[in-house]
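What follows is one structure encoded as structure tokens, with my remarks underneath.
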């Protein structure tokens, strides 16, 4: 038989000892938040406390967006037929693609392109943004991460940028993203504010994540929301109901504040 | 057309305002950890700070267990054929079932049954455990949540119980779980220590979660680990390799401690 | 390393020779229909020509049922977000469960139970049916495979029974199924005709398939239908549209006949 | 509410009448094979009898390839953890991608490109093949559909071409495919015979299917094979076994012939 031995560099499992990138998992427990552990397993190193809090804020920002996203509808459609929880969650994840949750990666690529243009051609941020955004327009393509059909000022984006400053993470990519927003505002006839995909993309660039990991943050964040919707479907609804995509009403808790 | 209007009680989405169980998501960001937000979306109320930390520890405990679990093997098998990330993650989730990650729910049911027997029949914990465990034995079934093929003293279980005490969450269910462990030790000819599924089950019972949500914690926790393995497959391995389930070697970071 | 060698009895692959249950695949091609090959791979033996035709009719009967089934809605919801074809098909399959397409197995178990009662207690078919159906009623459960919200006389069931007679496959299970239908008609205040799940179940019992394979025939049959709907979504619809579950219109080919 | 009415052109469902592209499903049953119905639902018209037989041969050719393909390994890995059948099949489908079963579409695009070059530039088949194949080589890319790590003369490809002639389907695309094979033989230092993906691609081009449907034929064909392997896993193997990707032995039926 040919040698099929292979190598892995993530987690070492020994009897009574499990280590992620060298850190014992029982030491991580109680010392690291889940968000810090997520950063560790994806990047190989521990985040600073501020970066850990940034990850928390990013994941919280995308934990749910109600019943209308296709990922939620796909998950509850499966649940309505009697699916096990994991089947319904798989359905939900399979409905997170280019047109839903998928703009994070695209926006990261745009931001990195603009940074590259700026550095390679020694241009100002404004000129670099203009050049790359005009390329999109000439190809009749939208700049991913900008514009939302419902939110004209996405509260999640605003807060993500605010926290990026507070946690001292904001840098060149935040400047680029804001410059894009201004340029689109000036040159479009409709408002195209940075949406949550775009804000996540900006922060992920600041944290030096690969664009290919962009959508993964959306998926990781949304799983608990999908779980909640599947449970609601299983407990409040009749099997095999017709699920209308817009005729729903919120009948949950009233507005309240964290004290 | 019949009225297809339906109700949802999780998240209210209005223009420029998104609220989860009544809390504005932009207020949650920066104030709540992801783990606290997970508790909120699943239970409808905010956790105490200590409960939030317990959730963190639970999710960290199960973030990864190396390349050998079937969920990891299923995910990297799909990745090896060129799957998109979401397809590979869906594969991983679909391989989390009764025999892998699925003992949390089963163990929660056992713990709740023992608590019920104890209260209904006014028995001691020891007698209640004996009664329910013997039922399993008479049916030639294993008590879910106990025994591990590799770990004789699972460091994750030990730490979860330690933290449950530290965070003042430990109560009757911890007593029951420990009593089961002692009884199995005394009456089995092989060691059946409480494993991480059993420890998660115990803490989830203390936190008053439904048993049907048990496996969901394992799934939520494991997603980031699956992501890391899929990225490793995509970046370190050749497509369509033969994936040997045991002939792997760890070549990552050496042992280190959190400072 | 422990010996991980395992055995498989389905397909033997040698250089330039592939054999399914002993038959060379290149010999099968051109001699066997796909339906005959499906029977072979699942049962291990070749079907008679008539049984092969019965399989064809069964698979044709369930190839599609328009856009309203949840499996179709789940598949096109994923497609609408930009999913790859295999992801959308996986979504569709994950929405085939107990309450949708899942009655085949349940009905097979009922038919087999009635046959067992009949033989063990030496009862008439009528008395055996009465006994088992009344058990369901006492438990407030519906008999799976009977009743349809749209079709009062399901044309697929009628034709499956007709062909079962024509192909000389009809036997005891067809008698049992028809007796159930009569008994339900007599004792219910609403019509509960045998539906396509029930008719498939009956024929599968006659062909001596395991009940656990029941739903698989529905899944195999429905895949091409799901493919057609995903292609239609990709080519006729805009991404991320709101998919209304009942407000659709058929604008395809007019009624015609096979000549 | 905005109008969400939408159109579909595949299947019309009326009470007691279901029609696929205008043909009543109960008329199709008994008159059409499953393969003919698959052609109808995907193309909108009935195939000739010969084309129907060609579809049968194509689907039979890819019904299974033993336990080693990643789609099979992914499906049985899920099954081994206790997955429901539909979850295991979804896993299998999710492992059919670019590097496994995914060459059909790529090869169809190559064949169509060569045909276009030939017609647009009025070149011979040989010159057209040379031009397009050399483009691939200059980009250091393999021509999809040629070469197999096990089969030097793939019996499935040979038979598909033979039947394409017998059923009078062979035309320009068969010529192109054979010319590619000859050119690769002449100019490569290793044998790159047309594999089953390439042969399917050739026939699908002759039948005027869209390249985007190429992989779908592989998926539709492989489902019954996956079902058989999942059943075998469930019935012959212990849960959570370590699944070795090469250390398996065939212990099924001996060689036999269709009589």
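Letters A, B, C and D mark the chains as written, and numbering starts fresh at 1 in each.
Everything that follows uses one rule, which is that contacts are C-beta pairs under 8 Å (C-beta built on N, C-alpha and C of every residue); 3 or more make two chains touch, one makes a residue touch a chain.
Everything quoted here is computed from the prediction, not taken from an experiment.
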What are the mutual neighbours of chain A and chain B in this structure? C, D
Decide which interface, C-D or A-D, involves more C-beta pairs in contact, and give its chain pair. C-D
Between chain D and chain A, distance of the C-alpha-averaged centres to the nearest whole Å: 36
Centre distance in Å when chain A and chain C are each reduced to the mean of their C-alpha atoms: 40
How many Å are there between the centre of chain C and the centre of chain D, using C-alpha atoms for each centre? 23
Note the residues in chain B that touch 2 or more other chains, in rising order. 4, 68, 84, 86-87, 90, 94, 96-97, 242-247
Write out the stretch or stretches of chain C touching chain A in their complex. 68, 70-71, 73-74, 77-78, 80-83, 87-88, 90-91, 94-102, 239-240, 242-246
In the complex, the residues of chain D that touch chain C are 3-13, 15-35, 37-38, 41-42, 44, 46, 53, 55-57, 59-61, 63-68, 84-87, 89-91, 93-94, 96-97, 150-156, 158-160, 162-163, 166, 212-213, 215-216, 219-221, 223-225, 227-229, 231-232, 234, 236-237, 241-244, 247-258
Quick check: in the complex, which residue numbers of chain D touch chain A? 1, 4, 84, 86-87, 90, 245-247
